[in-house]
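The chains carry the letters A, B, C and D, assigned in the order they are written, with residues numbered from 1 in each.
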Amino acid sequence: MIPPDQDFAARVRSSFDRQQAMELLGAQMTEVQAGMTEIVLPFREALTQQHGFVHAGIITAIADSACGYAALSLMPPDAVVLTIEFKVNLLNPAAGERFVARGRVVKPGRTIMVCTGEVVAEREDGAQQTVALIQATMMVVRDRPAVSD
Amino acid sequence: MIPPDQDFAARVRSSFDRQQAMELLGAQMTEVQAGMTEIVLPFREALTQQHGFVHAGIITAIADSACGYAALSLMPPDAVVLTIEFKVNLLNPAAGERFVARGRVVKPGRTIMVCTGEVVAEREDGAQQTVALIQATMMVVRDRPAVSD
Amino acid sequence: MIPPDQDFAARVRSSFDRQQAMELLGAQMTEVQAGMTEIVLPFREALTQQHGFVHAGIITAIADSACGYAALSLMPPDAVVLTIEFKVNLLNPAAGERFVARGRVVKPGRTIMVCTGEVVAEREDGAQQTVALIQATMMVVRDRPAVSD
Amino acid sequence: MIPPDQDFAARVRSSFDRQQAMELLGAQMTEVQAGMTEIVLPFREALTQQHGFVHAGIITAIADSACGYAALSLMPPDAVVLTIEFKVNLLNPAAGERFVARGRVVKPGRTIMVCTGEVVAEREDGAQQTVALIQATMMVVRDRPAVSD
């Protein structure tokens, strides 16, 4: 996948830094490639649901951002990315020291980009377990003022 | 829909109160009926993505909790609820003063409950707009220690 | 919802008649409104899976067509409709004399239309049961030669 | 993935042979492994939608069966498989000489199995293109009479 914008990584990181929600959660973007990004979220009790695991919506937040920015990395500099929809399967309880979301583009269309990704929990002992699987549809928005991610 | 547990509302609210993620986001449970719940989230800049709208993952978090607790309201007292998966369509940018998530059970099975719901943005001028639609699958878990919502 | 093409019903029905797959299944379009269509499929053993119920993919075929044509009914005459994705929950076994799929547009966008729908089984005794729920994303395609439904 | 039933392949193939819908479509099961199956569907005009491509619902039918039988291959001999839900992204028009659906289990649970899969179009010149991506949830049903796949 050849990105039309050679500065895609700087553009993606700059956009991520404007996501105040990621700061609230404590998530960081750890990797940007053409068509792929990685976001890491350390565990905190403030992120949990009633059973002490990280809330499915928060796991989804980092999975959605990882997919959206994978899509944005392949867009021209004047385009913004908009999440049309996603589907998330929760495979295992989100328990662990940190959570690594990876999103990648599987179909880079002119208007629509389809992405898949997963969130992997990393335990203290080094064990890894996939906790969520995402299949998402992103839109390339060129001709409108800034819209929702 | 007849709940097997007459104390379902107290049980649902008590579980919601243990969701530290909802506290982090600033969300409150405003209604619990048999097979339906409502969660309200006031706008804050800390919840936004790069364009100033509330992040899709955070919108999903309240939609998922509203659906999960709608399902829990119809479960026996010894059961816990687990989100198997959800699908969310983002219909409009999440702009507004507050966001109201409603989830309801459309198929209350013995093991599987299917829910639908939506998140509506309420603007300052009283206008309302649906920003997200969710279709979710919840599991009734009886024989295991507490697991992820 | 105001259709930009007053002849939408004839255009939708003419397109449906070109779906050879619907003829193979034995499905008929029974209603077309602005933003809503209905397709009926009589039961036949040739449509069943291993347990004697209609196959989930075939239930999906009529649900997808009902949603796609609901979207097409709101498009300008020079546009074609493309299914980007759908999510289907199977609520009950597809047993019955006939199956009625209804699709409706919930968000008629310029480029993207989001639809929901359901398939209802009608039994011999007049009883009805929802067997499937669909949430689908359709694309308005103007500037390309004909593409997939 | 270790199947609890050593005769899983014969059991899967025997169940597939009872799917009259697959016969109607002209689909054949070409491979069964523990946690993975493959189904092939040759192109026929009778399978097409209004633009001459294979209907999305029919593409979904083989993708669903491939995933369902991948799940069944890992179940004990007395269990049947039930499709709870699936999400399908259509990546490219379903044009080609034949369509190969592959489904595999990514999370083999006691009650729930999560599968992913894809449908690849094979063109006359040997070119291949992915036309659909599926993420599906299957249920292991032990204690009920046969239910819908």
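Going forward, contacts are C-beta pairs under 8 Å (C-beta built on N, C-alpha and C of every residue); 3 or more make two chains touch, one makes a residue touch a chain.
Here the structure is a predicted model, which means the values were calculated and not measured.
Among the other chains, A has the CA centre that is most remote from the centre of subunit C.
At the interface between subunit B and subunit C, over half of the residue numbers appear on both sides, which makes the contact a same-residue one. A count of C-beta contacts for the chain pairs A-D and C-D puts C-D on top.
Averaged Cα coordinates give subunit B a centre that lies 32 Å from the centre of subunit D. Centre to centre, using the average C-alpha position, subunit A and subunit D are separated by 29 Å. A separation of 21 Å divides the Cα centre of subunit C from that of subunit D. In subunit C, the residues that reach two or more other chains under the touch definition are 84-85, 87, 89, 92, 114, 137.
On the subunit D side of its complex with subunit A, the touching residues are 87, 89, 91-92, 106-107, 114, 116, 130, 133, 135, 137.
Every residue of subunit A that touches subunit B in the complex is listed here, in rising order: 15-16, 18-24, 45-58, 60-65, 80, 82-90, 92-94, 146-149. In the complex of the two chains, the subunit C residues touching subunit A come out as 84-85, 87, 111-112, 114, 137, 139.
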